[in-house]
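Sharing a structure, written as structure tokens. Questions coming.
A, B, C, D, E and F label the chains in the order they appear, each numbered from 1.
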């Protein structure tokens, strides 16, 4: 019977989904912890130990998130990456955000997609690698970082750091230039691009305030 | 900053391919509807040979002229990546094909059969350049002009493909309990093309079939062919059982439960029709 | 940290929900099977063996659904019945429907709420009994049965049974009279009441057709 | 007639709802009055007498709202707390908000759930206590307070108070850190969390403006 | 203060609404009972005693509904009839339906608006009379009666009464002719008019079936 | 069957009257918006006399040329029957009038004042035939042509009306705790005309006023008139207190809570503006 066959196939799919969901839940909890750590940089008390906070968040990412991500990756059948993509899509974006934020706090620079995928998350860079980092997710993560940095620029000034806002301003203008190259069909990315423009404006105002 | 040029390229390629597949899918939908419309012209046994013959040719055309190009676009891609682009055309195609199959053989078509029909051996000669460079705008343009009637009889890719299928027999496992024949085996992936038929889309197409069967049943009553109406009612009951078996799960796509509702209404219309015959 | 405490309580609620969801899933699968069995009475092939079908469905309900329901019942903390009520609400309604349909096919009569809860489902009849059968769910189930019987009346005639439609007509008119007494504030029930009126009319027309 | 019984039970539920509605109406009027009092802190005229306003609002809460809440509590059958929960849910949230706002204005600190339930509202802390304060409602109330304080920070500056905004900033960042730990499945709370992030940013900008 | 005055005025309006709502609730319960009585005419058992049922329903209307309606009428300030109109609008329509149905069952004829208002409900006929019967409500009630009679025609045949369907057919065609004179701007009435056309068709089919 | 002719007549009359009032209400809305727009032209004390004078004339026109005809339509009708037809125009009118009043007298207009302005003594001469037969299509046509500028200075109904008001002083109880001055006293009903102003519509109009005040405050900042901005904030705080006092009840119309939300936003905008002045 044609239907019995189908019932089995949705059962099988359901099982994969359950497994993916479980793995995801672990990663999301870890990602929340990571965000919480990094939040401290906004606070007076945390501002003095940015290097420590960053190092701690990086260790957490390497030691805990990375293996959890490897488990997720192995629970998605390689040839069916896009079948389950919508499930972990947003989480990958968030992880990219964490990577690029930590990297910026350490180095003051933009983290490339290649480096995010290979060095930080240790997942593939293209379809041939199986579980991999889509361009959309990488870009989405960068926008989250831009939102966070716009806020950070304000708090830097409050904490008497007048250099970092300039650095952030440069970072955002690089990002904005990059995004301008994209032909944004994707509505979702387009909306995010708008928020990037807004962040840029905000940080420029901060830099302007500092210059007078 | 130049990494963004690379990002831009990747995004554009993806979007363009997506758009091309959507376009093909729309053509498939239109052509499949024509087949269904054609099949409704059957009013008695005598009509069958001519109409079914014409439907077979049309279905072959859809396969050779449209699905083949979809398959070409999907080479080396994750089959699920562009599924949303062609799911509409696929369901309509399944509806047409299964309707044709039901009228021919009086039975429900199997998923294996549908999947097999969308499995092509790449022709080494002509379509090669098109396929190898699917981004070439000229090739895309050439493709767009193909599905016109005049070219139907040309010796072209499609024909050699249908031969290729014969040769291949069963090149891949036809049943895959994980819900779809999705393994692109390294060895064959480069030679054979296929359009993945997820079982869900297959079943959604079958759900649409019930609407056509209902319409046919009502037609038969108009023509006084009451026995045929009772037969179709039985077929619909069987389909209905099948869908009940599958069960409407919580996490089932809304699309499915909507279609099951339509199925229920179709069945009841036919039941009411049979009732009115008996009164 | 005060929030850690809350995180735990949210987690705990989440676990109950997961458990309830698992148990429900089993019941729903069984209920679907039960519905599928009963569907056969509409078909020419099944019409001859209504008694068998009914007996089979009853056995399935007693042997399989009832224990599964007991498990569900024990996974809902008694004091929080209404907290999770919205989760299993619809399923209970469906079980009531199955009971009253089987009962009607066997006896040609309406199954009371007491009998549904006590004899068929073996759950409580009032809040004091913990997990219990709400009036709304019982009534909702009856309406589903009325929908099914309206369709059945039509198929009876197709299968040359001219007596059962009259029996169904009486059943529905009893039901309708009952519903008229209720002050239906609940919008959901009111809509169902309208469908009952429609079923009544439909079955009356069947009886009418038979009378001429 | 079997339906007469059901008609009565529907009637009985209706009566409880009417009673709960009446009690709620009283509380809501009182809560509105309390809000109106506290609104004065935003105004130039009220800014000078914050201590008076706060004391007055506290007295109003203790003398009037608390007994009205006790009446509500006694009109909800203990075993059916969650049945009527959706009716008073929002009101409880608002009362939590009032408590935490008054407490912050007095002490500059976060009021815990235990203190809100026990010392301020005098209702239970867990299901076993009958009518009690759900975590969700407590958190929802805190978010309302955060909204109010973000506005207050702005008005403090207008009224030449440059210290309180810093205090508010700390309060919000504590709150934000707490919320980050929660796995917010509840869509409603998630939206509120977003508003909290927005408030945080707003207040950080106020502190930023003050620093330059 | 301008607002205090307004608060008082809505308080006053609220009180009138509460009172109207109470009176309405009584009438609706009575109307439900009346409907339930009249339902019996559709059933084999009731068919023989139509005259009794009708007489009983009429007595119920005169003895119980009419005084309840008088109470409602007196709770609506005469000059503010339309202020509260939307509250009792639907109920008045239903009472008109009951009157015209009883009257048809007794006399086989259409009840005029004047007779409905004056003789049956004892309320006014025009604005000058205070609480009065709007044309819209009278017409809406007639449509309900037409729905009921279409169903009744079917059941008459089932119960071997072949004359009444002809009488109903005439009644509906008079009604239809009347409605055709109206310039139906009112969307609500237009929809009802469609249902009237449908009823007419149904009853014509019944009469046609009888003629062969 | 002929009773239906009577029904048809009643329904048509009601619908026609309703339509005529809706039309008048729309004109009132448009004209009131013009007044508000005009009042926003005030940038300093020196502007006031000219602008306020013009606004007063325009408001008088609205009253005499539009409200008067609404009042005529409502003679011997239940005032609430057609409320929905003119509620839109009324709220906009209250917004314009209260804005004017606030600028003139620095205070909130009272409900009594608004209601009094829409209370007319029927002129025994000219408008008589129009009013007595409101269904006469010619009269309706004539009315439609009235609100054009060229006729503004004509000696007509409106002028004598404004005189009539002076004479009447306080012809009716001005405060009515049941929520609106709704008693059409038998004796005066035939001589005096009025448009009922329900307190709810009055307050809704005031809620709209806050939006105008906010806009004025922002304008003042642009002009550097910061003290005026602080004054307006204080006024808005008072309004806000007022609305809190009224309280948002459960059974309050959604319209009201929407407007209260707008009020809150207006207030916060002005607060933010004042903050930015101080930083």
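Operating definition for what follows: a residue touches a chain if its C-beta (ideal position, glycine included) is under 8 Å from a C-beta of that chain, and two chains touch if they have at least 3 such contacts.
Because the structure is a prediction, the values reported are computed rather than measured.
> Which chains, if any, touch chain A and chain D both?
Looking at chain D and chain A together, no chain touches each of them.
> Counting one step per pair of touching chains, how few steps separate chain A from chain F?
The fewest steps needed to get from chain A to chain F is 2.
> Using the contact definition given at the top, which chains are in touch with both chain D and chain F?
none
> So, comparing C-alpha centroids, which chain is the farthest one from chain D?
It is B.
> Looking at B-C and E-F, which one has the bigger number of contacting C-beta pairs?
Pair with the higher count of C-beta contacts: E-F.
> Quick one: compare the interface residues of chain C with those of chain D and tell me same or different, with half as the dividing line.
Both copies, chain C as well as chain D, present the same residues to each other, with over half of the numbers appearing on both sides.
> Taking each chain's centre as the mean of its CA atoms, which one is farthest from the centre of chain E?
A
> Report, in whole Å, the distance between the mean C-alpha point of chain A and the mean C-alpha point of chain C.
The separation of the two C-alpha centroids amounts to 48 Å.
> Counting only Cα atoms for the centres, state how far chain A is from chain B in Å.
Here the centre of chain B sits 39 Å away from the centre of chain A.
> Measuring from the mean C-alpha position of chain B to the mean C-alpha position of chain F, what distance in angstrom results?
Those two chain centres are 64 Å apart.
> Give the residues of chain B touching no fewer than two other chains, as numbers and ranges.
Answer for chain B, listing residues that touch two or more other chains: 245, 247, 249.
> Can you work out from the touch definition every pair of chains that touches here?
Listed by label, chains in contact pair as A-B, A-D, B-C, C-D, C-E, D-F, E-F.
> If we count contacts the way the header does, which residues on chain C are in touch with chain D in the complex?
1-4, 6-7, 9-11, 14, 77, 79-83, 85, 110, 112-113, 127-128, 135, 138-139, 177-179, 181-183, 185
> Name, in rising order, each residue of chain B that touches chain C in their complex.
Listed in rising order, the residues are 230, 234, 237, 240-241, 244-245, 247-250, 268, 271-272, 274-275, 277-279.
> Given the complex with chain D, which residues does chain A contribute to the contact?
28-29, 32-33, 35-36, 39, 42-43, 151, 154-155, 157-158, 160, 206, 209-210
> Spell out the part of chain D that touches chain A in their complex, as residue ranges.
173, 176-177, 180-181, 183, 201, 204-205, 207-208, 211-212
> Please output the residues of chain B touching chain A within their complex, sorted ascending.
Contact set of chain B toward chain A: 1, 3-5, 7-8, 10-12, 15, 76-81, 83, 108, 110-111, 175-180, 182-184, 199-200, 202-203, 206, 242-243, 245-247, 249, 251-252.
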